[in-house]
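In the two complexes that follow, subunit A is the common piece, with subunit B as its partner first and subunit C second.
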Partner chain A sequence: MSFPPALLELLVLCLGLALLLVESFTEKQDRTLLAYIGMVGLGVIFLILQLLPPGPTGMASYVFDPVAIFFKKFVVLTTIIVLIMSVDYATTIQRFVPGISSQAGLGEFFAIPILTCAGMMWMASAIDFILIFVSLELVTISFYVLVAFMRRNASSLEAGVKYLILSAFSTGFFAYGAAWIFGVTGNTNLVRIQQVLPALGAENYSAILFGALLVLVGLGFKIAAAPFQFWVPDVYQGAPTPITAFLSVGSKAVGFIVLLRVVQAFQSLPPVGDKVVAALIILAAATLIYGNLAALPQTNLKRLLAYSSIGHAGYLLMAVAGISARDSGQAVVIYLAAYLLMTLLSFLILIIVSNYADGDEIVNFNGLSQRSPLLAFGLLVAMMSLAGVPFTAGFLGKFLVFKVAYESQQFVLLALGIITVGCGFYYYLKVVRAMYWQSAASNGATIPVSGLSFATIVLLVLFTFLLGIFPQMATGLLR
Partner chain B sequence: MVTLNDYLLASGLLFSLGFAGVLLRRNIIVIYMALELMLNASALALVGFSRFHVRDGLPDYNAQIFVFFIITVAAAEVAVGLAIIVALFRARQTTRVEDLTSLRF
Partner chain C sequence: MAPIVFWIFVILMLGFGLSVIVSRNPVTSALSLVVSFIALAALYVSLGAFFIGVIQILVYAGAVMVLFLFIIMLLDLRVEIRKRMNLPAVSGGTIVIILFIKILFDVCYSFNGGHAEFPAVSVATHGDVWTIGTMIFRYYNLPLQIVGTLILVASIGVVILSKRELK
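Our next item is the complex of A and B:
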């Protein structure tokens, strides 16, 4: 019996809705149980994804190719780790959500990420502007709720409003661009668009380019590319930390798969495709410079990670801009895999430490190596990998991206990339210096870590090294 | 006779109005209205393209399906968005963007 792949999203959706139902009918039950049910359910989905072979789906707007499978596994894994973080973060949520019982809001905080995950899985498979638009909005609207979740916390609310306005703004661009692309090609399906584009008359070039650039602006907001990045630092800093991690890994990754598919479709018409690539190069250059330079003076680790995520979007855009090179898609995939490991690792440790120290500032990490050697080592590995030290996953990702830039002969971008890696070393090592060379200010006690988080940290560290030392593992990601 | 260009001109005007509204107005509710205007501009463009893109004597209904999804999504977005703006108003007693500055460094 064959298992229809499109059922997976529905299963995830049902899981999320079931958790909401259970939440409303059990009042006394400990809410963290819901998070554990969610993790187990998503684990099962991950196993099914591991077993399903890629193949035709019989649907025009939905594909199940190796890239889609990779991104589905990626977002399911991200959601599981976000749930693990949310359990650690539950005390902070309880403090800032008003309600009759002390557990008010926790159930929703564990269920909505699962609904978001379903939207992201749809995006990974979508090749029709209608499906892309609807799944993108499912993800975005769930994020509105999640970012503004802590209603008693002024910065969470403010971040929510900023995210709301700027996301809706980008949606407007995306929809208007899709409308123009439909107007010129008569299709909303990317495969059909790719087929009809070469037959297009030259008088339509400016109209289709207009549509493509508008879609690019819309997606630029989602992946946090400069000059559409100005919402990122504020929203990342104000949102609940597990949601910040979810935004910076999950939301960015699915933005990139849509971008890859759209850019790929336009390559069939070189006069327009080349201009789209030129726009991508400008975006990549601006993003690399802004993300890495603005990160230099930061003293708050959460905000630093926000700028770092902008910088990494720059490297990923470099790989997308090199779409003419053979390995462009593969470089994006491997870079994202490495990005998942190191970013989630840093956010997980940030949550544990800031829960204890009650702050996200880098000074809160002073002397961490004496207090909790494991946490310090985990964050050391994450920072090394983010900076791109050899034998870590981050190095492999950067190496492949630079290789793609070299093969597609974008030497300016390549030079910029290498210079900004140097900037990266400075601000990532600032955190390492605080942990290993500064002495702790006051309480020198060991920070308690729950068993589940401990296991996750160990696994993430292990895979960061494995991917860095055995790069051939990475090619298995796209079997 | 109304041509495709007229529809596109109207939708372009709507989009520009929305765009300018988002950038220039200072009240979050008004900004939110401007955002809806931008979505409606794309809906109008899609309907116009659909009407003038005739296949087998019928308009191309693909785009009209898209319009239904845009309307639905916009409604969902308003429901969640207004709830967040109300929550902000209750916490801060303001709907002006100048007052949202606690997250600057």
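Our next item is the complex of A and C:
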């Protein structure tokens, strides 16, 4: 089949632009229709991705390898589920956006994530610092808008400003680092850099290392690794919940693919590559400790999930730090697949419950098992999987990460990982306790769930179990 | 260019850059930024990158900064209120900055490439506009298109976040 893979992003882009045009030229149309069109369109893109074989693209800065295909499918799927969440969340958006008509601004709220998705797909394929930079900026700038979208909500605006300032700051580090690397190697292309590096003299090592570490700082902000995680709790809590889910799954995943490709490129020069790995080990240890310990006292589920997302970045960094092991890349991929299932599942249920209870504190989940057994069971599965209980996808991910750490002899990290998993059990099970052991508050009615969300919850629960029980399914993720 | 001229512009650029952060009056900050940009443009010109130097003045010192000043005056921003110093944050920040500068100096001194002769930015037969144009439109066309998308998203975002009543 001669379908040029670079056309995929353009199709996604056209879909987003078409939705914007439909939005501006129709008056009375129900805006949620736009979200459904977006979901169907992205579904078609997902099918095309499923059929396309990896192969050469004829472009120096753009690859279409199995890893790129996996991440493209990953972000397309994430965007579809984010759109499903956004439809559920539409009433909250309407409350906080000033408008003449009742559905003001909703069309843009559904269309911008699709443009973000195109940026993320470009990042999945980019192997040139310039392409990485511009697509990273496309993703970040659309997130500035989305995070601050609820203009009448002070915490959403605060989150937007914090994200804008810290993200721009980290972009500065990334660009400065890339400039140093270009200055030494004369290349922005990661493949060319990998070829050029071994020939460099020892007097250049400190400059290369400096550039690599600056890039690492820039990416550390994007993937929310400690000590660059200060923005995470406030931004995640203030942003509209579907966008929080998008940030914590999509934005983190594309940060990791760039990190993998950059770290891989520096492995061709062991004196520098080893130091980059050492920096990754420190980052991973700090992230594991901070994310898991700070999550312990949280009483708000959205904030708890923010800290949990920092903790999971720590496990993922463990896998990246074990780059010398053969399965490092695969462990990252499978962990992210599991992370997508369980995180989006918890955010979807969080949106449904908090819409009804008008709050996202853990107290709002008290007695959920009596009110809505399905939602409670779904969140139970998500929490079990996030904690890493066997027979769920989360367990498989953690198992593979620990295996990589063992094979690459990172025993300190391995011990830290096992201890922090113990912490995880405490704070994830706190939510389960609220749902199953606490009695419900005054309004004990069943929470209404739309058909589409119901189907999504069932599918996500099913896949969480399938991936946990049949690990061989996971290896098929990277053809 | 004589080193003395280089140092004059560097000191101008850094000094006014510092003044952007330190001064409490937003108009002073904005005007300091203009001077800093002009000094930066002079450095570009001294490296032979005439086009980038001109663009730096036209776009940044001209368009962007005028817009900044316009907004500051339109909103009638007063002198910033002096806040109490957060001692742990300030001392932590200072330590990070000092360490960063130390590393930067170490790297710059050990880096040999910094003393090497680089090829001229502009090709004698065509000039640097030609070089930049070929680079952007022939080799970096995809990133250019993505920048287009980026600007589109940014402008939609501005409308969404600032329009009084959305339709």
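The criterion applied here is as follows: the second predicted complex is superposed on the first by the 478 of 479 C-alpha atoms of A that agree within 3 Å, B and C clash if a C-alpha of one lies under 4 Å from a C-alpha of the other, contacts with A are read in each partner's own complex, and residues count from 1 in each chain.
The working rule: a contact is a pair of C-beta atoms (placed from the backbone, for glycine too) under 8 Å apart; a residue touches a chain by one contact, two chains touch by 3 or more.
Since we're looking at a predicted model, the values are computed, not measured.
S.K.: Which partner does A:Val22 contact after superposing on A: first (subunit B), second (subunit C), both, neither?
M.R.: In the superposed model, A:Val22 contacts neither subunit B nor subunit C.
S.K.: Please work out whether A:Ala148 is in contact with subunit B alone, subunit C alone, both, or neither, and reply first, second, both or neither.
M.R.: Once the two structures are laid over each other on A, A:Ala148 reaches both partners.
S.K.: Once the structures are superposed on A, label A:Leu164 by its partner contacts, choosing first (subunit B), second (subunit C), both or neither.
M.R.: first
S.K.: Once chain A of both complexes is superposed, is A:Leu33 in touch with subunit B (first), subunit C (second), both, or neither?
M.R.: neither
S.K.: Now for A:Ala118: first (subunit B), second (subunit C), both, or neither, which partner does it touch?
M.R.: Second partner only, subunit C.
S.K.: For A:Val134, decide between first (touching subunit B), second (touching subunit C), both and neither.
M.R.: both
S.K.: Scan A:Ala175 for contacts with subunit B and subunit C and give back first, second, both or neither.
M.R.: First partner only, subunit B.
S.K.: For A:Asp234, using the defined touch cut-off, is the partner it touches subunit B, subunit C, both, or neither? Pick first, second, both or neither.
M.R.: In the superposed model, A:Asp234 contacts subunit B only, not subunit C.
S.K.: Check whether A:Gly183 is in contact with subunit B, with subunit C, with both or with neither, and answer first, second, both or neither.
M.R.: both
S.K.: Give me the intersection of subunit A's contacts with subunit B and its contacts with subunit C, in residue numbers.
M.R.: Residues 130, 133-134, 137, 141, 144-145, 148, 151, 183 of subunit A touch both subunit B and subunit C.
S.K.: Applying the document's contact rule, which stretches of subunit A touch subunit B when the two form their complex?
M.R.: Interface residues on the subunit A side: 129-130, 133-134, 137, 141, 144-145, 148, 151-152, 154-155, 157-162, 164-165, 168-169, 171-173, 175-176, 178-180, 182-183, 186-188, 233-234, 237-238, 298, 300, 303.
S.K.: Enumerate the contact residues on subunit B facing subunit A in the complex.
M.R.: Checking each residue of subunit B against subunit A gives 8, 11, 15, 18-19, 22, 28, 31-32, 35, 38-39, 41-43, 45-46, 48-49, 53, 55, 60, 62-63, 65-66, 69-70, 73, 76-77, 80-81, 84-85, 87-88, 91-92, 100, 102-105.
S.K.: Considering only the defined contacts, which subunit A positions touch subunit C in the complex?
M.R.: 6, 13, 20, 59, 61-62, 97-101, 104-105, 108, 112, 115-116, 118-119, 122, 130-131, 133-135, 137-138, 141-142, 144-145, 148-149, 151, 183-184, 201, 203-204, 206-207, 210
S.K.: Quick one: which bits of subunit C touch subunit A in the complex? Just the residue numbers, please.
M.R.: Checking each residue of subunit C against subunit A gives 103-104, 106-107, 110-113, 140, 142-143, 146-147, 149-150, 152-154, 156-157, 160-161, 164-167.
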